[in-house]
Each structure stands twice: as C-alpha cells, then as structure tokens.
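Below is one structure, written out as structure tokens; the observations come after it.
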Amino acid sequence: MPIINIQVTKEGVTQAQKQALIKGATQLMVDVLYKDPQVTFVVIEEVETDNWGIGFDQVSMLRQQSLESNIK
Amino acid sequence: MPIINIQVTKEGVTQAQKQALIKGATQLMVDVLYKDPQVTFVVIEEVETDNWGIGFDQVSMLRQQSLESNIK
Amino acid sequence: MPIINIQVTKEGVTQAQKQALIKGATQLMVDVLYKDPQVTFVVIEEVETDNWGIGFDQVSMLRQQSLESNIK
Amino acid sequence: MPIINIQVTKEGVTQAQKQALIKGATQLMVDVLYKDPQVTFVVIEEVETDNWGIGFDQVSMLRQQSLESNIK
Amino acid sequence: MPIINIQVTKEGVTQAQKQALIKGATQLMVDVLYKDPQVTFVVIEEVETDNWGIGFDQVSMLRQQSLESNIK
Amino acid sequence: MPIINIQVTKEGVTQAQKQALIKGATQLMVDVLYKDPQVTFVVIEEVETDNWGIGFDQVSMLRQQSLESNIK
C-alpha cells in the first residue's frame, strides 16, 4: 500500500510524462518491495515556480535571470 | 494541536461536503484524543485526476475507459 | 482513494485510539464522499513533543512549564 | 539538504512576501543548522480558504461571518 | 529539483531495497523529466503497521488475523 | 494559521537548534505574513540518513565514502 508523492515545478509536464511517472513509480514498488500495484498510489504535485525556492531564490526569478539557467 | 490532511481527487467536492469533512475530522480528534478544536487544523487537498495514479494508471484514464469504473 | 494523514504529538496514543482514528476517518470518507474504504488509507504520524512548535515554543517546554498547560 | 514546506491560506500572498519567506526560511537553515542553501528547498503551498478548517469551521466561512475575524 | 516522498509500512525494508528505491526514483526523474539528479531528493518514510489503516483496519491487525493476508 | 514542516536528516539536531528553528520559522510568519503565532505550527521531521537520497545515493553512504563529504 505505498504512497508515492512527487513534487515538481509546474513547467509543462505533459500527459505522457505524468503517465510515465505513475507507471515508473508503481513498477518500482512492485520490483523492489513486491507491493501490490492495485493499492499503490502515486500523487503528482505541480508547484508554481513562484512558490518554489532554492538557494535563497524563487525558481521563477532564476528562470528570468538567465535563459541558460537550467536547474531542474 | 492535530493536523489532518485529506487528499482526494478533484471531482466536484461541494462546499457542504468540505464542511462535513472539516467538522467530522475535527470531532474525531475531540472524541478520540480529547484535542482542542480551536487548535485543530484540517487541510483538504483536491488533486487533479491526471495527477493521481492507482494500479499503474492515471485516474483520468480510468474514468474515460469505463463509465462503470467506480474506484473512489 | 483518499489519503488521510493525521499528525499528532507523540503523547501516549493507545492502540484503541489508533483504531478509532482509522475507523472514524475512513467512515467519514464513506459517509461524506461515498469513497471505497478498501482503497482509503489513513496514516498516523506521531511527532515528538520536542519537534512540535506552537506560539514560538516547543510543546515539550510548554508541558514542563506548567502542569496545567493543556494545549492539545 | 533541508526541505521546508510552508502551508498558508491563499489570501493574497504577494511576490515580495514569497521571496521573503524563501529567503528567511533558507537563512534559518544556514544560521541554525549550517546547511548549504544551494540544496535547501522551500515549497509554499497556498490553500483555498474553503479547504482549510479550524475550530470545526471553514476559514472562508469565518471570514464571511465577521469582518473583525482575524484568525491568521 | 524534484522531491519524491515514498511512504511504506515499516516491515523490514533492507538497505539494498532503500538504495534501489532511491536510485530508481531518481532515474525516473532523469528519464521522464530530464531533471538534474544532484538536486533530486528522495525521502523514504517507514510507517509502523499500527499507524497505517486500510479498509477500516490497522495493518498490524490485518497481519495478525491471517498469515495469508498479503495486502502490500 | 500557517503550518511549517521542516524535513532534515537526523544527524544530531540539538534541543537548542530545535528551539531556534521553531522560534525563527514562527517569527518569519509574523514578520512577513502578519500571522498569529498562537496558531502557527512548526513540525520538524528528522529523517534517518539511510532514508534520504540525493544524486542517486543514500546520504548514509555519502557520509561513509568521504569524511570530507559535507553536503548538508
């Protein structure tokens, strides 16, 4: 009965990527811990870049300051 | 000072239902643990069905695949 | 498929109380949102009183300062 | 590598306030625990007042009932 | 900068399994979202079976009631 | 009514440090958002280094591999 919570910045995660995250995280539970996928939950939280900070800065600011900034 | 976090899929939870969740969860803390309701917090997180996975699949896909699918 | 996370201070929560929290929170999901209890998870997190703060203070300190302190 | 998660009601938190929260929370980790800010994450979650309960009530209801209500 | 939080029951997760969960979850972020593994955090929370409920029951009770019970 | 959750590795956080985290995080809510400290909660979660991963590795392994490793 695992719960996998994935927090990422909200920057265009596609439907296909969401499906891949769900499939991959669930498979990991099956492969490593022999969990039952029918009671394995994956919850993806997309967080606005204004609301995520790293190194004292908002990610939204980091994105503006430099086109090359590629902290992901 | 309990914190109750309720995560559900975002599928039309009404105002009345939210009030009932808050009242019920708070009352549970009072009844079972004798907690003070004035410092009992209930936070409801509604998660998009695209962002919730069970059994390898997005809930949004499960909803589409079958009108009868009633995993709740 | 709700997930209910209950955070409380670790102050002698009994087995019977844990069972009552699980039953009560699950029943709330059934009654209010018509959820399926077989895929309703309740997770109780007991937090050391040293690690919980309210009003600038550790709960463990509040407990020591006054036998009458009954913030719960 | 600390993770600081800040949950507040969604009531007009400004960009400047978000920056101040990120800077302040990160500095706290540096000052108190000597953590590296480059691997310190701050995530701000703004919760709708309909979805936050205290004292049996939705915050949105408390706000309506009284202009003087200033539980913050 | 993803944060992956994995909650499982505390039932003998080995060091090798923890390493496999960390490697697998991090690789998933790299493969699907092109994230930088150096700022990808994985946090595993092992929850006592007394503190995890499913279908109205404590997992610890389910384990006792039947040796065959294999909800995982 | 903010909730501040601080997750750090369990590596000898002292009582004085916990108090400083609680006071500092609460003061931040008062200074930046004018919140009421009496309904501001701070929860510190100390996570075993075996259970925290960064850059594909357990922190406990990183600590063993090099005395100089100072990712914090």
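As written, the chains take the letters A, B, C, D, E and F, and residue 1 is the first residue of each chain.
Just so it is clear, a residue touches a chain if its C-beta (ideal position, glycine included) is under 8 Å from a C-beta of that chain, and two chains touch if they have at least 3 such contacts.
These numbers come from a predicted model, not from an experiment.
**Student:** Spell out the chains that contact chain E while also contacting chain F.
**Tutor:** Touching chain E as well as chain F, we find C, D.
**Student:** Report back the single chain whose CA centre is most distant from the CA centre of chain C.
**Tutor:** Result for max centroid distance from chain C is chain A.
**Student:** Enter the angle, 0 to 180° in steps of 5, of the rotation superposing CA atoms of chain C on those of chain E.
**Tutor:** 120
**Student:** Same or different for chain A and chain E, when you check if over half of the residue numbers at their contact belong to both copies?
**Tutor:** At the contact between chain A and chain E, which are copies of one sequence, the residues are largely the same (over half shared).
**Student:** For B-D, which listed pair, B-C, E-F or A-E, repeats its interface with over half of the contact pairs the same?
**Tutor:** Repeat of the B-D interface: E-F.
**Student:** Nearest whole angstrom, what separates the Cα centre of chain B from the Cα centre of chain E?
**Tutor:** Each chain reduced to its C-alpha mean, chain B and chain E end up 21 Å apart.
**Student:** Averaging only over C-alpha atoms, locate the centres of chain D and chain F and give their separation in whole Å.
**Tutor:** Comparing mean C-alpha positions, chain F is 16 Å from chain D.
**Student:** Measuring from the mean C-alpha position of chain A to the mean C-alpha position of chain C, what distance in angstrom results?
**Tutor:** The answer is 27 Å.
**Student:** Name the residues of chain F that each touch 2 or more other chains.
**Tutor:** 1, 3, 7, 21, 25, 39, 41, 43, 52, 54
**Student:** Name the shape of the chain contact graph, picking from line, ring, star, complete and other.
**Tutor:** Basically it's none of the tidy shapes, so other.
**Student:** If two chains touch, include that pair; go through all of them.
**Tutor:** A-B, A-C, A-D, A-E, B-C, B-D, B-F, C-E, C-F, D-E, D-F, E-F
**Student:** Touching chain F in the complex: which residues of chain E?
**Tutor:** Residue positions touching the partner: 15, 18-19, 21-23, 25-27, 37-46.
**Student:** Considering the complex alone, what residue numbers of chain B touch chain A?
**Tutor:** 7, 47, 50-58, 61
**Student:** Could you list, by residue number, the parts of chain C that touch chain A in their complex?
**Tutor:** 1, 3, 39, 41, 43
**Student:** Which part of chain E faces chain A closely enough to touch in the complex?
**Tutor:** Listed in rising order, the residues are 1-9, 13, 17, 20-21, 24-25, 28-29, 31-36, 39, 52, 54, 59, 70-72.
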